[in-house]
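One structure is given below, encoded as structure tokens.
Going by the order they are written in, the chains are A, B, C, D and E; count residues from 1 in each one.
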């Protein structure tokens, strides 16, 4: 039987990196990147297909395509990789977003080689993170995915880029520092009954870490991963970082990187420390809920498109954590779907904002109007993104948020239902800020003379936009395949929780 | 029973038309787009009529039962909670099918004339298809989530169509307002759904509304503020309905929604979408009636209040579409009130039947009114009554059809409105005399303001018009067809078709109610005729004599201003602004402070490194001393 | 009383305002220490002390003093605050060390010890077994070589080339 | 003769010399005097070694040899230090420690 | 002792030979052949380094005064290797006219300190320890003052020698106390006889602080920044890598042999010192504008991290320390290599001068960036693995709070490392350092460092081998 070698997901980006380094002129650098990421996208779909085929064939292993090599023998660090449905979903997301991102930054002007190099390095980290099953390599890829961000924002960003880049990097690395302690804690408690300590998630999931240790380390792991998912009050890196980042980086960061946090919370904090998760969920839920509402309310008052979207991300990614902390299967499923859905939507948003900015040279909502007339393609895409973001059925946002709310509401504790009601109200606020932008920016008459001459999307921008749109609609209309894939993979986690 | 599999095409066709024309927008000829849309809705209409005939008249059994014509699992939320997409055929959905497809088809045809030459012609038809699809999906929904899905899609298409003239700021604002207000109401709906699903573990109507089902037979949930949790859930569900159906206090979006093209107002904001709330309450009526009667009381109250409130405002408006909008609100209030006073099963369920009946007839005459108004606007290029007068000469077809509809809405026999309104009044009379009195008054007010409109537009003084002429056939034919419907819809034996429990019952005519209601309607007409048939100063005098009351109603009771106050002043300025400030200065400030403190600290302690060897040695030695003393006191062995 | 004298000289050598005098007081201290060694029967050590210190180090000091200072010049004293802190730290340090040492019960003193001859010292110094010191001896020779080169290379400076 | 002088007496003296040296190191401004203070410190330590050897462990000469090597190293250290002092003196015409605070913070 | 056993000491013997050969060769190479002489000397060091790669046996010499084993050999290899790299990086500095003549002396002094460190690491006796320490310090002071037209250099030399003398006085006092208690100076014997009395604790504190001075742990670090700044760059890197590494290693040996039974007592001491060392080092590093001084404080902070491995006080901890030293060597020397290349070429040592450096010298700035990332502990560069293992070592003992404080401090350190990267990559300058070509030895050294930084982390064999050796060392010795 044919099996899928997950290493290829790392190999292709690495070869792309090598290609970028080797080519001489800048034009070729982006072509190499585009080819590399197209191949990667193709491989991602092959993975998706093979995963589903394998599952349909009745393979009920917790993870598929498992590979395991001993790396550091003395610490029992292993290079173990494998994917479950959740990981596959997020890998698909990453593949699409990076593909779209490369095309969105087609016109990148200075230091093109370097830009694509760092971008692909970041992507390598992300793919590595999603396939890894060993806490050590997971952590390694996590940091690998974060650090190129500094240069990407610092060199190619706009506005107060140095400040934003530094803040973002320090806060995220600070979080990963806390996370590191949590991981070490898990490691040293991974064999409470004797035996070899291990970083392997699958193995740790078979033992029960002592409850005291869980109580001590759960907050660390949760906060560590939570910060990259813009956990209140550690979210402030996000608006500044997103606002300053170049287009493709915002896309990847909001689209994919913020999901590392959610994935980590699910696969490490909740899966490995289930008892503490149940105990402490209430406490953290308060912060998460504040974040959800707070992000939405902040977005209402912003004037800069990127800030609006960044705060909206705070709110929407907050919903991911919200769903995760509910610890019910439905909510978890919704949270994972929300990761994918929000990833696509926000990437589309940032991509479009970048494209619009590239034409109008402003991101201030008040300085634009009537764009629908001059750039219908981009504007319509923006409207669809907006609708998806505010949870319009038929688009992915709805099918992701609905299970979160249903799952959250099915929690037996009344407190959870009350808090859910509060969280749900964010979708109304979302409608307010999204429609406000659409109304002001896209509709009415073109007030600015110069804007009348602007052109609509070029072919590469269309590729970027359509690839994202396609999936937003596909998931929105036919959520079944994705949610089933995730649901089966949630089983082990649910079993651990009970 | 029968095979209703084909009904799936009623949904698929408009959707296919939407997708096809949407994706290929710009590549197709506009007229071809229109043709596709019309073709799709046309076939859907035929199928709907066929389904109606099959359901109501080819049905062998005595009662009408709900049939799930099609169903597939769209989305599995958990092992037990499943979202299906399907088609539920029962008396109200079939009735709605007829209403929607008919009015929609008429509007489609009408629009080919009305929208001719418009920039967004193709886009308009694309969205019309989307709306038809969404509205049909809504009424055919088999479960709460499906209805919510299509509910939102209906809202979306309403938003898109209101904003059709997107370069006009007022249209943009109206679209946004409509969306946000209904969205807010939908929040309640969604929470209500969640509460129901929490208690029942299902979304399916067949289980939730089963009179012998667990939700109704067993008391579940606790008590909150004196009402059971279920009641609260049902009130929240109604909140969603109130939003869509523009019940007070969510009515504010509907008059503004008249910024959309007039055919849209006819279709969405008069005949179909706005009655979705009524439909929703009817859909859940079993639960309301058997398990949450308090919620039903709320509905009745809101309905009665809104109908009076909107009627009062309608009297003073000058924009013909606004008048019609307020009249729509008022009429939906009627329907809501009727549902609210209705009992369950048999004769007691008259209110339900009456409400559905009124919904049915209202769709015809209100669509007709709007399309007529559209025809007028098409000719006059204005919405304001001051620009109109004596139009009966110029627009004869429009005039006749408009008059028929006006008589129908005023409740003059034998027009359809008379029969349905009569049943509503009878139901109110049987249940609550106060509501009866209110509705009785509203009937008079309705007749008054409708005829005020009629007289001002079609009689009165001649204005100067630029090449005014009757609308083309594509617009007048739908008017005639709808007029035909308005004339004869009232004779349908509704109590034999649409009842609370599906079992037909006989109604007798309530002469004691019908005659006075006709009387008050005629009174309203006469007053209107006296005041407005000829241009005179009398109306202004009366308005002046009413003073404050007149201006308050003209300003729509300042509800809009209250909303703006709440959103702008309270939510934006008092909540959002502080949140943003808090975020920038406190939360982010704290992060920056941490960084700055570190750097500042770094500057503070630099003296430590003075460059002087003495000091270095001193620090060295002090370090040793501290360590030693630490051990002397902590490890004194 | 001998020890008191040594202490006094020590204090004077660190407080004297005249540089050369400080060196001379150091010399006295060193002599005192040598006498200690003698008292303790470590003749060889005493001899080394006198030869190396007095013959080497102190002479080195005096030379360097002559090279770098004017003899009449009085040494500057540190600021009062610095003085107080230094004195305080030293006193506390001494107090702590003394209290620790004085409270410690050492193992009983071995009164009689074998006579140590220079021959024995020589043998041990060159033995490579346990308690043999040939390796340190070699190492210190490397050290001295290095120190010598170091001192020369630093002190022997050429005129700065014009560049 | 060691019967007359108790070990603790010698240790007290050596400790005092040690701290006198330390005090000198902390207060003397001239580098040569600082070096003198260091020599005091080393001598104090030497006394320790020798005394402990003699009183407690006379069978092995470890302390004795240690002291021997310390003396040697003290000499080497002093030589290098003075070479550097002289070099500094050529550069800045002073060997006062307060003058060598060019690098700080 | 047989003849073959003397080969256990081959590292030191070869070094001594090399010193002697250089001494003689110095006389035979003419003034115009200094470069050949330089290469010749490097070749000698290279031979010594290579000889260290042959498998090492463990054994005791001279009755236990000298003890060696694979781990010690490995540590010496690291030190030799570092010295080799430092010498490779020094040509730029050597080639200046006034330095050319004195290459020989410089080499001799540097190698003699290396001999001292070798003996110190291998010592099994306090006397050897002390002699090694002094041999590793006194010539260094001379080297610090080597640039004798520069008053800063002399100042550095003075600060180093005076404070080193002072600290060795303190160590000696501590040794005398231990001697008073145990009556022996052999580590093994002393370890068995140490009793945990207050006196022994005092001895422990004194010896520990004396060594802390060498490692530059706060508050015994104050000399480090000044000396690093004032010294020639070659010596700065030597101090920060070689000298520090050897001191850490002997501290490990002393703590785990002599004071093994007192580990409950020294744990809190190290615990506190780690916290203040990392924090103070970081806080000072933030503000530095001189790149050498900056690296000095960064290496002070790094020393604090190293102590995380020491506090583990088991074989694993020792292995993590040695591994980190290896990684740290590559990273720090890469950084110093770039600094010294720039310094030799332009004389610029201020961080502000590095603005726009990437525009003119992309390769060097990439090396610098890698070094900074490695020092900050960013994967997949070796520094990440080094730090991770150190944290693991501390966490193994259950010091999670300590690890937390340490990892939070890595954020501060990341901040200032990023500042350097920012200066080079992001900030623009009107007068950037112009493009220049590095000399061949420099290139070689930088390539080695980069390869080391990249490969060491991925090849798990290195670390696993160290753990194994360290286990063996512990089972042999203690």
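Heads up, the rule we're going with is that a residue touches a chain if its C-beta (ideal position, glycine included) is under 8 Å from a C-beta of that chain, and two chains touch if they have at least 3 such contacts.
Keep in mind the model is a prediction, meaning the values are calculated, not measured.
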{"item": "Shortest walk length in steps over touching chains, chain A through to chain E", "value": "1"}
{"item": "Where chain A and chain B overlap in contact partners, by chain label", "value": "E"}
{"item": "Two chains sharing the most contacts, counting C-beta pairs only", "value": "C-D"}
{"item": "Chain whose Cα centroid lies at the greatest distance from that of chain C", "value": "B"}
{"item": "Geometric centre: closest chain by C-alpha means", "value": "A"}
{"item": "Chain D and chain E, separation of their C-alpha mean positions in angstrom", "value": "27"}
{"item": "Averaged-CA centre spacing for the pair chain C and chain B, given as whole angstrom", "value": "101"}
{"item": "Rounded Å distance between chain A and chain C, as computed from the means of their C-alpha atoms", "value": "69"}
{"item": "Centroid distance [mean C-alpha coordinates] between chain D and chain A, Å", "value": "65"}
{"item": "Chain C, residues touching no fewer than two other chains", "value": "78, 82, 86, 89-90, 93, 97, 100-101, 106-107, 131, 133, 136, 140, 143, 147, 150-151, 154, 157"}
{"item": "Per-residue overlap in chain E, given as positions that touch at least 2 other chains", "value": "127, 131, 134, 138-139, 141-142, 145, 148-149, 157-159, 162, 166, 177, 180, 183, 197-198, 202, 225-226, 287, 415"}
{"item": "Multi-partner residues of chain A (at least 2 other chains)", "value": "170"}
{"item": "Set of all touching chain pairs, with the criterion as stated earlier", "value": "A-B, A-E, B-C, B-D, B-E, C-D, C-E, D-E"}
{"item": "Of all residues in chain C, those that touch chain D in their complex", "value": "3, 6-7, 10-11, 13-15, 19, 22-23, 26, 29-30, 33, 36-37, 39-42, 45, 48-49, 52-53, 56-57, 60-61, 63-65, 67-69, 75-78, 82-83, 86-87, 89-91, 93-94, 97-98, 101-102, 106-107, 109-114, 116, 120-121, 124-125, 131, 133, 136, 140, 143-144, 147-148, 150-152, 154-155, 157"}
{"item": "Chain E to chain B touching residues, read off their complex", "value": "158-159, 162-163, 166-167, 170, 196-198, 201-202, 205-206, 209, 213, 219-220, 222-223, 225-226, 265, 268-269, 280, 283-284, 286-287, 412, 415"}
{"item": "Touch list for chain D against partner chain E, complex", "value": "18, 21, 25, 31, 34-35, 38, 41-42, 44-45, 48-49, 52-53, 56-57, 60, 62-63, 65-66, 69-70, 73, 76-77, 80-81, 83-85, 87-88, 90-92, 97, 100, 102-105"}
{"item": "Complex contacts: residues of chain B adjacent to chain C", "value": "614, 618, 621-622, 624-625, 628-629, 632"}
{"item": "Residues of chain D defined as touching chain C within the complex", "value": "1-3, 5, 7-13, 15-24, 26-30, 32-33, 35-37, 39-40, 43, 46-47, 50-51, 54-62, 64-65, 67-69, 71-80, 82-87, 89-90, 95-96"}
